[in-house]
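There are structures below to look over.
In the two complexes that follow, chain A is the common piece, with chain B as its partner first and chain C second.
And then the complex of A and B:
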């Protein structure tokens, strides 16, 4: 299996590219030019080459929007990937970094909605958490 | 931490979970939510460090909560010393 980076010229008019995730660390790419048969291109995703830190800005819930990118660390512990936000003491996890980030996104979304809805019943620690979340997230008007 | 160990924590600490789709369980004391912790979704080993951080316990205390040496009232005392209650 070889490491391959697709150059931008790979998708001229009439060319289609598609990808299949075979495992957490590998993708299989297919390129089809015009009416020719699809050509398989093996790809390797090296998590070592991906950044261990990102400013996270993707929330799936249409009710919410991110005001500032959330600082998220991503690391691997055994077979588990963990995406964490230290200041909020919150994390997501999964079998690869994308699953961990997706879990993180859903976790943060639900936490924000729940704490906002139940603000009157929160102890001081969770009030602080809600205050922090409001610096990064808000409800769309 | 294994999923079944997390289930022990839910039961012992009487963590509040409203819906099956919830991603958080809350420790409620005298009507106030004072601690949140993420619910296991079961297909990965749970990261101990983050559960200790969320529950405000050290390694020994977490082991005590999962085992038999610490009770819910002991946990309340831990949270009092941390200023969360």
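And then the complex of A and C:
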């Protein structure tokens, strides 16, 4: 039996960033791209609330890809968070902001896959919805 | 100018250290974790690393990282201005972010959110748990 020696493999360095606390109220950040020297980057320590709006760009279905960030509003009604894409009239619900966004992701995935599959049989309203979805989502090549 | 495509996040992990091999740039993630225990709050913590591997990226991006307390929806850290250029979408792009020290004000779930050109592309979570003394 002979030993197999793998040749060395090289991967791009990518981007590296460091955040250094200089004093109780200030952090300092540096970013290093590939082999370049580190540069200082803006860094804030805040107590702000997240805005009630996000450009949504994460989808779990490996068959799909987001082309543009989907404009999603997030609001709270009682104990429920609601993520809504008003133009498409699609919603996601959850017990926190990110559960609502996860539900939204599943909803639009299912809708897009179903409408795409049934395209030949759709009425005008759903054709319009599919056209809108195709501005933001596509199947991977 | 064409708009840069929205990247996909293949992996996003929080770990104690990342060893970057000098010649090959290969990265070894050490001590991947998702829970921190502390008996006192605010709880100081660090250093630690956040690693993300992106696919489908090509072109110019401004990346932003936010650390958010999920229960209160409050940001505790925002790092912006990480502008990167990815020459080829066929190759992955890796981010290795080192945070020296931060303070978790409250127990709970903290979300690490990653944005590319203001589009939210990925998240991971860390639970911060109050450890009872005794």
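We take it that the second predicted complex is superposed on the first by the 93 of 141 C-alpha atoms of A that agree within 3 Å, B and C clash if a C-alpha of one lies under 4 Å from a C-alpha of the other, contacts with A are read in each partner's own complex, and residues count from 1 in each chain.
The rule we apply is simple: a contact is a pair of C-beta atoms (placed from the backbone, for glycine too) under 8 Å apart; a residue touches a chain by one contact, two chains touch by 3 or more.
Source: prediction; values computed, not measured.
Peer 1: Check the contacts made with chain A and report whether chain B or chain C touches more of its residues.
Peer 2: Between chain B and chain C, C touches the greater number of residues in chain A.
Peer 1: Go through the superposed model and pick first if A:132 touches only chain B, second if only chain C, both, or neither.
Peer 2: In the superposition, A:132 touches no partner, neither chain B nor chain C.
Peer 1: Touch check for A:89: first (chain B), second (chain C), both, or neither?
Peer 2: A:89: touches chain B, not chain C.
Peer 1: Between chain B (first) and chain C (second), which does A:103 come into contact with in this model arrangement: first, second, both, or neither?
Peer 2: first
Peer 1: For A:50, is the partner it touches chain B (first), chain C (second), both, or none of the two (neither)?
Peer 2: In the superposition, A:50 touches chain C alone.
Peer 1: Of the two partner chains, chain B (first) and chain C (second), which one does A:80 touch, if any: first, second, both, or neither?
Peer 2: A:80: touches chain B, not chain C.
Peer 1: Of the partners chain B and chain C, which touch A:113 in the superposed model: first, second, both, neither?
Peer 2: neither
Peer 1: Chain A residues touched by both chain B and chain C?
Peer 2: Looking at chain A, the two contact sets are disjoint.
Peer 1: Taking the complex as given, what residues does chain B use to touch chain A?
Peer 2: Counting only chain B, the residues touching chain A are 22-24, 29, 31-36, 38, 41, 43-47, 50, 53-54, 83-85.
Peer 1: Taking the complex as given, what residues does chain A use to touch chain C?
Peer 2: 8-21, 27, 29, 31, 33, 41-50, 54-58, 65-69, 96-98
Peer 1: Under the touch definition given earlier, write down the residues of chain A that touch chain B in their complex.
Peer 2: Against chain B, chain A makes touches at 77-80, 82, 84, 89-91, 93-95, 103, 106-107, 110-111, 114, 118, 121-126, 129.
Peer 1: Tell me, which parts of chain C touch chain A in their complex?
Peer 2: Going through chain C, the ones touching chain A are 3, 5-6, 8-9, 20, 23-27, 46, 56, 63, 66, 68, 70-82, 84-85, 91-102, 111, 116-123.
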